[in-house]
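Each of the next two complexes has chain A plus one other chain: chain B in the first, chain C in the second.
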Partner chain A sequence: MRYVKPQSFEAAATLLHEEAGIARILAGGTDVLVQLKAEMVEPDLMVDLKHLPGMREIVAEDGGFRVGAAVSGAEMGEHAALKAMWPGVVEGVELIGSSQVQSRATMAGNLCTGSPAGDSVPAMVTAGAVARVQGPDGVRDVPVVDIPTGPGKNSLAKGEFITSILLPARPDTASDAYLRFIPRTEMDIAVSSAAVSLELDSDGVVTAAHVAVGAVAPTVLLVQDAGVALVGSKLDDAAIAGLVAAVEAACNPITDKRGTIEFRTKTAGVLAKRAAHIAYARAGGQA
Partner chain B sequence: MAFDAQAERNFKVVGTRVTRPDGIDKVTGKAAYGADVSAPGMLHGRILRSPHAHARIVSIDTSAAKALTGVKAVVTGTDLAQPEDEAFADVAINCLARDKVLYDGHAVAAVAATSKAIAKQAIRLIKVNYEKLPHVTDVDEAMKPDAPVVQEGRALETVPAGMSQNVTTHCQFGHGDLEAGFAKADKIIERSFKTAATHQGYIEPQACMASLGSDGRGEVWCCTQGQYMVRANCAAALGVEESQLRITASEIGGGFGGKTSTFIEPVALALSRKAGKPVKIVMTRDEVLKATGPTISTSMDIKIGMTKDGRITAARGELRYSGGAYPNATVDMGAQAAFAAYDLEAVETVGWNAMTNRPKEIPYRAPGAPTAIYAVESVVDELCQELGLDPLDVRLMNAARKGTRSSYGPTFNEIGLVATLEAAKAHPHYTAPLGPNQGRGLSCGFWFNFGGNTCVSLNINDDGTIGVVEGNPDIGGSRASISMMAAEELGVPYDKVRTVIADTSSLGFNDITDGSRVTFAVGLATIEAARAAIKEMCRRVAKIWDIDEEAVIWEDGCAKPAGPNAGTHPPMTLAEIAAIAGKTGGPIAGHHEVNADGAGVSFGVHLCDTEVDRETGAVKILRYTVFQDAGKAVHPDYVEGQMQGGAVQGIGWALNEEYIYGEDGRLQNAGFLDYRVPVASDLPPIETVILEIPNPGHPYGVRGVGETPIVPPLAAVSNAVSRAAGVRMTELPMSPPRLLKAMTG
Partner chain C sequence: MKTIPVETTINGDSAEFLCHADESLLDVLRDRLGLTGAKEGCGTGDCGACSVMLNGRVVCSCLVLGVEAQGAEVETIEGMANGEELHPLQRIFLEEAALQCGVCTPGILVAAKALLEKNPDPTDTELRYWLAGNLCRCTGYDKIIKAVQTAAAEMRSA
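Presenting the complex of A and B:
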């Protein structure tokens, strides 16, 4: 295995593009290094990107925040302004792994790994986050929701990688929340998960709502109908029932060692309901 | 050896919380575990394992692996001896399969190479031609007459004819007239239960470094609960004499019973014998879960009758255990333990063991008891609920006590069950209010405890310090406790004593560290060894003072004249006697060898409060209290640690831990992500209440404490969850999907 630390994004893209064998990108490394140790993969090329400009930075941009692809979960958790604006996204990232893993694990890595259970993905999706992608032919911006395509798969072409993720601006009367179900209290992978992002008017009525669920389909799902069910409400019982019904209808999970189809579907609805109430309270809404 | 007849002994060292001797090494990383040693020229061993649950090995082609540069040896099952003794033969076959692979992960071949990378590459070059066979992993399925047969001809004579060949063991215990007993009952409940296999979950994977020369002499450094057991297994598997093997036990990163067998040491020795170099093997976590000891998986039926005021009139249990792909007698212990907490007029327990295509069961704290007692205590709890009775009062009413004829035969001597139940009843936990969706569960627990073969050598050093040499790896604080008992008996401070664990060539035979035996049996032998040394010191002093030996007594670490008639000699301290030992007859030491009995059975009672999430099936443990009779708690921190650790492992067993097999008979969760032991944030502080009812079989009254605490949690948690959820749970683990399904129908 060759380990390379290229001096520019362009050089990195070229290297990755031209590699005939198996190439892996090293940002946080919390998936790649585990896969290496478990002998799941033997890359021919490992490209380290963490040192490149902006990779480790969180910068304000157009009222939102651009988060470098090698920024760790712990760094996001310590960024007060980011956390105040997108608490659901940050709490999702902070659920990945242990404290030790948190000092390395990245949101971009969690996204590119393509796990339907990735903890940072549902809230990124409901936030409308946009990934900046470097490739051999230049830079493009891709909505986060379009990156994962199935378990372990993503839409990036050979030689492409994410350099940063933009979490856009939002008004003060808006917030988000993320919840996952795990059989333990930490150190686990979501059996099901849900993120809800809400915007309220001055009366506390929901004016915009986005709902995403994880681990209940091959990719994280943005459930449009679930958001629609909440708009115009103050999360009354009927709106919540509509949310739960829409989430359950959207779920397309599998039965495996972590949970059954029935269990995943039921809990996804429960988590969406609970996350909606948390997001609503965070946005200043009074139930 | 009997309990000392001193009315109230004032212990000076025993019962205090001294600093543990291994603490600094462990927190600084200095402690040498199984994988921590290397030798010049050492090779790296690696094992090829079966991907099939059950298959015939048609052929193994190792030629490509042998041809790889850097590969120094390749071995398969035919490189190990075929011991005549069935138990040794099973260990050898489990280390390297011969004709058949019996479970997913069964070792098939091994290589030794100059680097780990080459060993890995070589393993992939070994071609095994398998003929897949039908498999069975469920105990009830395995007992059916037409089930795939795991091994032929292994049934004991006790098994009735006509059953599946997988059924190897049948046992039966009890007394009294069951029919008459059930006829007297106002309420009878009969329920069936299932429990999944769990793993001991020790942090340190098995590891060893072994060397076997052309002269037939060998050395093994390994992580084990018993170096003498490793010696016996290796000698049998390699066809060498025990005297030629020296086994040294490393520091051990957890055992819980799981390190009472051998998996890699014979393989490393066989590789070393071929390669002429030391070979190190370190198991991965995946290998540990696939191929080392899980517990039994079970299926059980329990029937209990009770009068409306709470007296049990009759009880019957039928236990079907599977100890994996080999015969195994764990069900005997389960059947004996099931009803041990009760004083019963009519009781019967029947046990069966059936082989399945799972790894060989290895003991896990109180093997066999937690599952059987889970089933019994669940039915007792349900009877209490149905009859509107207080579950503690009912247990007190039916409790076994001194003089009770136990359900498995023997009549109990001094036992602490009633005192333990009364302590639980008096504790504020028992009457603390519960909120919505919360429930309180209670369970008794029992374990036999064991004494066994033990050797101790105690040396009085010339500077007045003490060296204790014993032969049992320390998995629960035994070095501290043994040093404390030596210090107590000799009358010297604890920090003057150092206890070390000998290799097999430095001390006589010791049984493995199991059965909660070490603090009891090694402690007992240490006290006797100290007494022998004291006797010798008194003899030396008598010579100096020129008085009779009997006129010298030992008190507070000094030899003193026994009374006015012995003269007015000033006391001589141990240090003073030691300093001149060379002039009074030579070095002073004591030793003791014993097959200790009188371990004394042990009871515990656990209280558990849980809250269930009705929408997700999640269970939160709110409060947990352990009450246990420790005889005499030598080092209370360690005793509490045992009580807490057992409770936590039992909580894991109850809630999430399980071996999950696919349709293909392969293990689906061979890692700590999906084999879920509890993490710290899953648990409340585990409160402990130690009771001290002296064990008549030990000079200080010590009882083993290591195993009993894992027995009650399964039922304590299940009873709490059943009461909180409003539905009786009969299967473990009560993972959230299972509990949610039970609650929502």
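Presenting the complex of A and C:
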């Protein structure tokens, strides 16, 4: 294996594009080095991108925040303004792994690794986050929801990688929340999960809502109908019932050692309901 | 496979080593530098026995490449005592018997010290969550939590 620290994003993209063998990108390393150790993959080329401009920075942009692809979970958790604007995104990121893993693991890595149970992904999706992708032909911006395509798979082409993720601006009367179900209290993989992002008007009526669920389909799902069910409401029982029904209808999980189809479907609805109430309270809504 | 020269700082001293591209920082510390305090438990970032500080943050050294230490500040359990004088965490772990086989202990000490530098007065819950990535199969954790709290109290009053 060759280990390379390219001098620019363009050079990195060219290097990755032209590599005939197996190439891997090193940011936090919390997935790729485990795969290396387990001999699941034997890369010919390891490209370290952490040193490149902006990779380790959280910067304000157009009222939101651009998070470099090598920013760790711990660094996001320590950023008060980011946490205040997107508490659901940050709480999702902070649920990944141990203190040790938090020192290294990244949101971009969690996205690209393509796990349907990735804890940072549902709230990124409901936030309308946009990944900046560098490739051999230049830079493009891709909605986060379009990156994962199935377990362990993503839509990035050969030579492409994420350099940053933009969490856009949002009004003060808006917020988000993320919840997951695990049988333990920490250090576990979601059996099911849900994120909700809400915007309210001055009367506390929901004017926009986005709902996403994890671990209940091959990818994290944005459930449009579930968001629609909340718009125009103050999260009354009928609106919540509509949310839960839409979430349950969208679920397409598998049965495995962590949970059955029925359990995952049921808990995804419950988590979406609870996350909606948390997001509503955070946005300043009074039920 | 050819080796790569790496210049780094370990426990405040500059250090140089040669390693392969796919060699973990843990293997470098143990096999090339003779610093065997960090242990290999799982080798996949689950158990925390290999915890070291990398640029001020606690990491599993099995999930760091040796080459990533270039230009970095690494702190290991070997740097925790001040000469012959044990760090309060080390001394109190011995006094209160917060270990049995001891394999997890270096990692727990490194991780606990990292927490107390950020948060000198953690609740038991905060401490248990912080140490969730450090597995101990002997103690049942209670003695570890109590020893860290005793050390934290002593360090606060120092």
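The criterion applied here is as follows: the second predicted complex is superposed on the first by the 287 of 287 C-alpha atoms of A that agree within 3 Å, B and C clash if a C-alpha of one lies under 4 Å from a C-alpha of the other, contacts with A are read in each partner's own complex, and residues count from 1 in each chain.
Everything below uses one rule, namely that a residue touches a chain if its C-beta (ideal position, glycine included) is under 8 Å from a C-beta of that chain, and two chains touch if they have at least 3 such contacts.
Every value quoted in this text rests on a predicted model; they were computed, and no experiment measured them.
**Student:** Quick check on the superposed pair: does A:Arg104 touch chain B, chain C, both, or neither? Answer first, second, both or neither.
**Tutor:** The second partner, chain C, only.
**Student:** Just checking: does A:Thr260 make contact with chain B only, chain C only, both, or neither of them? Give me first, second, both or neither.
**Tutor:** First partner only, chain B.
**Student:** Now for A:Thr30: first (chain B), second (chain C), both, or neither, which partner does it touch?
**Tutor:** second
**Student:** After lining up the shared chain so the two structures overlap, which partner does A:Glu39 touch, if you call chain B first and chain C second: first, second, both or neither?
**Tutor:** Touch status of A:Glu39: first partner only.
**Student:** When the two structures are laid over each other on chain A, which of chain B and chain C touches more residues of chain A?
**Tutor:** After superposing on chain A, more of chain A is contacted by C.
**Student:** Looking at A:Arg2 after the superposition, I want to know if it touches chain B, chain C, both of them or none. Which is it: first, second, both, neither?
**Tutor:** So A:Arg2 only meets chain C here.
**Student:** With both complexes superposed on chain A, which partner does A:Glu61 reach: first (chain B), second (chain C), both or neither?
**Tutor:** So A:Glu61 meets neither chain B nor chain C here.
**Student:** Scan A:Asp225 for contacts with chain B and chain C and give back first, second, both or neither.
**Tutor:** A:Asp225 contacts neither chain B nor chain C.
**Student:** Quick one: is A:Met187 in contact with chain B, with chain C, with both, or with neither? Answer first, second, both or neither.
**Tutor:** both
**Student:** Could you pull out which residues of chain A sit against chain B in one structure and against chain C in the other?
**Tutor:** Touching chain B in the first complex and chain C in the second, residues 38, 185-187 of chain A appear in both lists.
**Student:** Using the touch rule from the top, collect the residues of chain C that touch chain A in their complex.
**Tutor:** Per the stated touch rule, the residues are 1, 4, 20-22, 24, 43-46, 48, 51, 54, 57-60, 62-65, 67-68, 111, 114-115, 129-134.
**Student:** Within their complex, state which residues of chain B touch chain A.
**Tutor:** Residue positions touching the partner: 120, 286, 615-618, 655-656, 660, 668-669, 673-674, 676, 678-679, 681-682, 735-737, 740-741, 744.
**Student:** In their complex, what parts of chain A are in touch with chain B?
**Tutor:** By the definition above, chain A touches chain B via 38-39, 181, 183-189, 191, 257-260, 262-263, 266-267, 270.
**Student:** Would you mind writing out the residues of chain A in touch with chain C in their complex?
**Tutor:** Listed in rising order, the residues are 1-3, 26, 29-30, 33-34, 36-38, 46, 48, 72, 74, 97-101, 103-104, 185-187.
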